[in-house]
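I've put the structures underneath this note.
In the two complexes that follow, subunit A is the common piece, with subunit B as its partner first and subunit C second.
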Partner chain A sequence: MSSKQRNPLNDAVNYLVTADSKLRIKGNEALHKSLEVIERTATSLGLSPDQILQLVDVAASGKQGETVSKKLIKLLIPATKVPETAVLKAISWICTNRPSMTIQCLLIRWIIVVYDYIDRRDRLHGLYGLLFRFLHFHSLLPYMCQLLYFLTRREDVKLYRVRQLLELQKNLGQQPYLTGLLLIYKHYQPGLLSVVINRNYKSLFPTYDRKWGAMVRLIQEKSNPLERSQNDTVLERLQPKLDTSYMAAASKRRKLDCIPDIHSNASRADFAKGGFSKLNLLNGTVVPFVHISTFGKLLESIDKIEFPNQMGAVLKSRLLQHVISYSSDKVAVTRFQFWLQATLHEVLLDYPLENGNEYTARLLRLLKSFQDFLQEGIPVLDAVLSSYICQWNGLDNRCLILKLLARCRLHQFSYFRESILNPLGKLFFSSAVYFKCQTIQALTDMLQNQVAVERLHHEELVSYQTQSDINTTKSKPMSVLFWEEEGEEDFKTVDFVREFIQFVSQLCLVALQCGRSHPLLEHCILNFLEMASFLHKCYQVPFVVFPPASLCVRLLFSTNPYTVSRLCSVISRFKCVFQSLKMQQNTGQLEGRRNESFESVTEVNKTILCLINALWRCKAFDHSEEARQMEELSFSPELVDQRIGVDCGEMLSIYHHQAFSCFTYKFIKENTLGIKHPTEIKVCKREFLGYLERHNLKGLNEFVSSVIIRSKPSTTK
Partner chain B sequence: MASRNSLQTPECQTTYTRIGSCFAPRATPKSCNIARIAPILSRQVSGEEEENIKALLNKTWHVFGLSPLYNFERKSSAFQRYSKSLSSALEAESHKGCFVDNDVPGSVEIGGIRGLTVNIGDQNAVGIFVRGKNRKAEDAMVYTALFCCVNLQFCPIPKDLQASFKYFPIMLASGPVAIMNSINNWLESQFDCRVTKLKFSSNDLLWMASLWSAYTPVPKSRPLELVYAVPQECEGLSKITYRMAAADAKRLLDIVHPDDSDELTEEEVQAYFDALESHLCYMFHAKLGTMYLRTVGNSIAYVSTDGKIKLFSMDYVFNVLAHLTQLSVERFTGTSLQTLPFSQNE
Partner chain C sequence: MIHPFNKKPEKKTAILIVGSEGVGKHALALDMLKTEHPFELNIRTAGCLPLPSEKAADRPRLDFICFVIDITKPDSFKIVKESLQHMDVSYCLGKACFIVSKVKNTNRSVPLESIHDLANRLSMQVLFGDLQNEAERLHLARRLVSMLHLSAGLQCCGSAPTLVNCVIDFPVQTDVHTAEPVSSGIS
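Here is the complex of A and B:
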């Protein structure tokens, strides 16, 4: 602002300030002019802090009469900030009771409107007790409640103030402004009050001054655009967001949601207890979880957090999940498990028809995300699910149930088979192909989970339980949240994995026999086999389990080219794994004892031989000693109808195989070597292999090149 | 049948186990004998305890199962605190939107009830009493709830956490439904437990009827009463009540269960009920086996599938409560060897 423009404003202000006695209103040109100047400046640019300070005195004292005072107060719009002294002055004038009631109300309203822009509020907060006394005046009550709502901090909540507010509530009935103030009080001291609120209060306080507030905001934005953006959510930051969902009536809550909300209504740091616990809450030694709303606050009070009163709420809050994952508080974890056990029994097993599907699905979904967060299975969930799948129809919440099953904990295989795999198998055999695919997918995930995650947990628990008692302070398991003092069986993971892969392979075989080369089914089965082959490399397990050869050979007969190709790449990967294990054993990296993995080497060799014979060497049904065929591919060649014109040994070769017939056809059409018949491809097998590889059937080439050692080029027949 | 043990020495220990002690070996009912033990439990009771037990009789109770309560203290100061908190919770429910001070004593009394335990491992019972205005606008006890634990065989709380949790398998409650909901809610939020209605299946009722018929009836005792709900397809008839004199029922059971052992097996129960039903079928051509057994009662107690029970005989109170305790524990831990059959919606 240029000095020229300021001068009239300064003059106007001075005129008002230095007027000793009440000025005449009617016909007083000077007064009207000064008011006009002030109004013009205030509504366009706002007033400076000094000017506000001076004008507050004039307005609040009521010296110049009601109309002038009212007008002035409305014009006290800050350009930058409101000095705290001005606010204090206003309050002290109210204390003198000299200005009229309307002026007093207006002053409070002014403080509320410019609350965001007061530069410091400590001294204002120091007047809390004084401001509280003003609640007795009913005309000031709504505005004072709002001001106190902004000012209240944890240490201001005192029992006698609560009692006074309750008395007011009794006299005046339920008023939204009283409710607002009491809500803040309840937030800071949860155990002090009980309330049941059914409605969502959108606005707790009267909003008479919207236009005024808007004007202030506008001027602030104009003058301090940068600061404005920082101050955007000042009001929200002043008081925490009040969530009243847990205060709803009992019957309503139960119907909608079985998972409790976060609350500390029975907080241990209860005010009413007095004495020691009162100090706790004031000192901040114990922080009830309701006071933690952001991750930053969690980090500040990371060692003082008190869990909410109902641990079931952990399913709804990611912050609480963080807290529980690092806490070593067994009691809290046990509380959660008891609640979960009772709820799951009620919802899934005992009264499944009483609640809607969405109700159950929500609970299961939240459990799944909790397990994924923890990277750990919950024992109670495993127990309930194992009972549930015995009576499950395979349809309700299928995806969720299968995903939850995939996270179950490691147990001895006999238990596992009895409780989970057999019931699943029963459903598997009697259902459509899509259920089969989903189940196989779930079993693949289960295998991955058991080897990657649960195996380590299990080893840690076993070592914890077998620790000698000489060292009295056993170091607790670090990576597991749900653990018990004893009862973990000691068994070898390799046995489990072997029997598991055996079981699932048998399931797959039966499924393949039922469905004729269903591509999705084969895809899922191949996923499983690939997972089995990845175990050694990805998760550093010192063993490898080869699936039954019958499954591999069965897949060879598929009509899907990608199945055969992936099968070949899986087999070649197994070969690499075995070789790497052998090397590790030779260099002494593996632990001493004989590794059971090598017992299946002969089977691996047979399978490789069988596949390469069939696909490449055109000796599919060779009965020679050298071949030592497997039972699956042994039948006498006389059974083959000679009229086909194809040598039976060649029937499964890459150029005669039913899976690759489309590629064979295209190759013949496109080739430049003059080939007119598939059998003629035999001479340029390698080119055909390259052609297939260009069409993403890489597995074949990989397999052939790893198994066949190329001798001199002249003898490649 | 069973020899009467007048003094059941409380030496049977409760066994503790790990949570989610999972994967109970599933046994199909055909292959294994499911048996329940039915000795008569009673002991010397003092005058005050007798009063407490008498208060249970001749009143319809709703039965609830409770999961273990966390941070439940038994001191009288704690009881006072709980009663104040519960009274303000009840008042807050009745005046919605009004804030209520938690520190003001109200219409609720909470206290320990002696005399309802049998075992060392049993917790002493606790009662909640709510005063208010009954229908005649007089000041009376409007609502009563009792947490009991009788002859607990199997405690799901791990040994090292015994101090933090207290386990009351059953809660008997009697009073208006609105208060019942509020109190259940308050329990859940105060003690981090879960209150579930303990509904009985028809199978459970069969067992109860057989077990209770086995006790020697007193002359002039109530008859064995079975109430069946008729399917909706049969018009004009909603239920069938079947009454048989208690002495006859006992005689029939003795035929089925001749030996002196305390255990009653599944086959015996099934045979007993087949006999009862075939008798009615013979007389009235009504196949009871296809209908839904809804209520069962004799001189000892009266039970219905929606979880309501009424006790009549003082001598057998412990037996009934022990049986309910066992049912609740089985329901909670899921170790029941009888999985619930599909129960009809009423």
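Here is the complex of A and C:
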């Protein structure tokens, strides 16, 4: 049955093959019928290798005329594989120059389309020199370039070929296909090509027959759905199947992607020949990382792992990240830093690809996750980022850049301000509110990271260095991966944190002044202040830094009730921190740094007094007491009182404050105390405070109860 | 010589974009008009400074000047450097900026350091962004409008959401000032 089914195709092929002379086209029903049969089979199932071999001869010889040959070549769609001989035959027909130029072009295009399905390519590659000669035919040039692009191996790159190509480029101008071929040459032998290659092309080979290629792929997938799993070589099965989503998608020569794949000296050829790698495997001396697929295997051979050829691959594999962080191999770390510096320079600073944005974003994302995994910043990354933000448009990969900046290493503040904070500040001032909020959020994260993580690293490194002065045997810093033998400056973290908070507070103050009191901005600023107040409690920092009073006062004038309430709770939290530090000092738990923190106590007291005077005691602009915080508003309150006929000390009290006026209004409407006017709330402030607390404004009550609880408020601390 | 304070301030604001031909001044101006701005916006463009003296009287007070530099064209930088001599020094801090276009291009011919140097000497801002790229241009336009808003002295206080609630409830005698965008033109 099956033999009968296959008959018509075989007949058709035989008919074409056996025809000696040129067949008549017009009115020749046999020819049309056989072509039709071939077309139907080729476009549904594909042709077998034998049939392709037979038909190539017919088509390439051109003896059946242009139309038939063209049609036949288009139909040479392989069901499984294309025999190499068929390709060689096609090339030898081209060499005879018997078929017309169109047919020659079409034959090369066919080879390009089926290139992936050619069973062997060694003999084809043997013709490399010959194929190179064809570059002189201008009509073949674009296709030949692509074919050579596929075929080129390292040993093919020769100086005279480079010269010829450059000569061609000189004559023809910059053509994408020539650039493509030169790129692969440069990739293999960067020493031979000193020219800068502009790779701003969307596609290097626009002449590629996409439709045809898609058709061939479709037929291939249809006829061998399991091809991939069957053809897996031993090595491929051994390779770690990590993040296969993109590893499968990456083709051999994708240049845009700057992160290398994991590969090793134990390459495919070596492994197949049973070369040294197998020997090493047996001896158990070195295990290339490519042979490790599971965590269990990793644990088995953790002391013998050989890192891959390109350290950039670390970013792609979580397993490798485990290895590098465990082994803390100095050479591997240096190699990674070199790679990272070169890649980042290329991607961000020197030649940012116009369409490479997604690759850059992926690189940054992977770096972010690597940093999160290591729990430390990478010094090289900091250096590149600091020069990048000087030319950053504030738009590209904004979230990632800010997150990476937040993971910065701890440096001396003067250096830190010059390299990161000042450029960031310039962007900050010229940007919209939303960018400001994001930046302040990033600075908050930065503060947390510096204090919680990098401070400990820094202390370990400094102690390592001082230790080295005394005795020769020293333990390496265990928690840090990226470190140098020397060069870690010794400075006090408290100085850094104080100056950092000062700087950010100034930024916030300016942002509040010029960006209106934007609720989101105020929220971010309060987040920052909260973080500053948490430092002692959460990260056991033996000091506390109080933000400038001017920022607190500015936030007090906000029109947002929640801002004022949160401000109060932040201030009362600071008060608690100071009290607990004082307690520690009295019990002797605190060493050394106590003086620095307590220098600001008077300022804290003033700020607290100022707030409580304004909000609670109706003495907002009182100059008589020691609270002179409002000195900036240097006007005589009495004068204002006379002018407007209201006691202006009351203007900022909780029931008159602009932020709470809506609550005042509602309180008066809902109350049962018979109050008609806000001023009357003065006698029942406690009830109003409770009312506010019921509306989630808890900070006020917290603040008032922490300060007013005693008969003599605030000054006793 | 252009001076920021030699004319009376008006309700409308005016910004001047200076840059050599073909850098994308007009596209930037159109994008600025597209962005939301609660004030009247008057955008003028010029190839270089000084501006012709005959129409000086009709010209509004210029609140902001931005100089566009195409980093691939050395000429555009030269023009900007020469134009700077015709601008009063009081523009420098906060009332003028450089825009550096095409910084992501591979063949930069103006060194970035010299631009940064110039900007630092004059304490002027440098904004980066490709004027050929739509998203970046719009982003730049927004930043410029907000900077103009500041430099023209029009920044006003915002209102809190809860306060608005309260105003709606209370009978209000005084007029509530609403800032509506006024029709704007480009010249």
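Going forward, the second predicted complex is superposed on the first by the 412 of 717 C-alpha atoms of A that agree within 3 Å, B and C clash if a C-alpha of one lies under 4 Å from a C-alpha of the other, contacts with A are read in each partner's own complex, and residues count from 1 in each chain.
Everything below uses one rule, namely that a residue touches a chain if its C-beta (ideal position, glycine included) is under 8 Å from a C-beta of that chain, and two chains touch if they have at least 3 such contacts.
If you're wondering where the values come from, they're calculated on a predicted model, not measured in any experiment.
**Student:** Please tell me which partner, subunit B or subunit C, touches more residues of subunit A.
**Tutor:** B
**Student:** Who does A:Val195 touch here: subunit B (first), subunit C (second), both, or neither?
**Tutor:** first
**Student:** For A:Arg217, using the defined touch cut-off, is the partner it touches subunit B, subunit C, both, or neither? Pick first, second, both or neither.
**Tutor:** Once the two structures are laid over each other on A, A:Arg217 reaches no partner at all.
**Student:** Just subunit B (first), just subunit C (second), both, or neither: which does A:His523 touch?
**Tutor:** In the superposition, A:His523 touches no partner, neither subunit B nor subunit C.
**Student:** Touching A:Pro260, do we find subunit B (first), subunit C (second), both, or neither?
**Tutor:** Touch status of A:Pro260: first partner only.
**Student:** Looking at A:Gln391, would you say it contacts subunit B, subunit C, both, or neither? Reply first, second, both or neither.
**Tutor:** So A:Gln391 meets both subunit B and subunit C here.
**Student:** If I apply the document's touch criterion, which positions on subunit A are contacted by subunit B in one structure and by subunit C in the other?
**Tutor:** Residues common to the subunit A contacts of subunit C and of subunit B are 196, 198, 351, 390-391, listed in rising order.
**Student:** In the complex formed with subunit C, which residues of subunit A make contact?
**Tutor:** For this pair, the touching residues of subunit A are 196, 198, 200, 351-352, 354, 390-395, 426, 429-432, 514, 516-519, 558-561, 658-659, 661-663, 665.
**Student:** In the complex formed with subunit B, which residues of subunit A make contact?
**Tutor:** Residue positions touching the partner: 159, 162-163, 165-166, 169, 174, 179, 182, 186, 191-199, 249-251, 253-254, 260, 263, 265-266, 268, 272-273, 309-312, 330-331, 334-335, 337-339, 341-343, 345-346, 349-351, 353, 378-384, 386-387, 390-391, 411, 415-416, 418-419, 482, 484-487.
**Student:** Any idea which subunit C residues touch subunit A in the complex?
**Tutor:** Interface residues on the subunit C side: 97, 100, 103-104, 106-107, 112, 116, 125-130, 135-136, 139-140, 142-143, 146-147, 150, 155-163, 165-166, 169-170.
**Student:** Taking the complex as given, what residues does subunit B use to touch subunit A?
**Tutor:** Residues of subunit B touching subunit A: 18-26, 65, 67-68, 70-71, 81, 84-85, 88-89, 91-93, 96-103, 156-161, 164-165, 181-182, 184-185, 188-194, 196, 199, 331-334, 339-340, 345.
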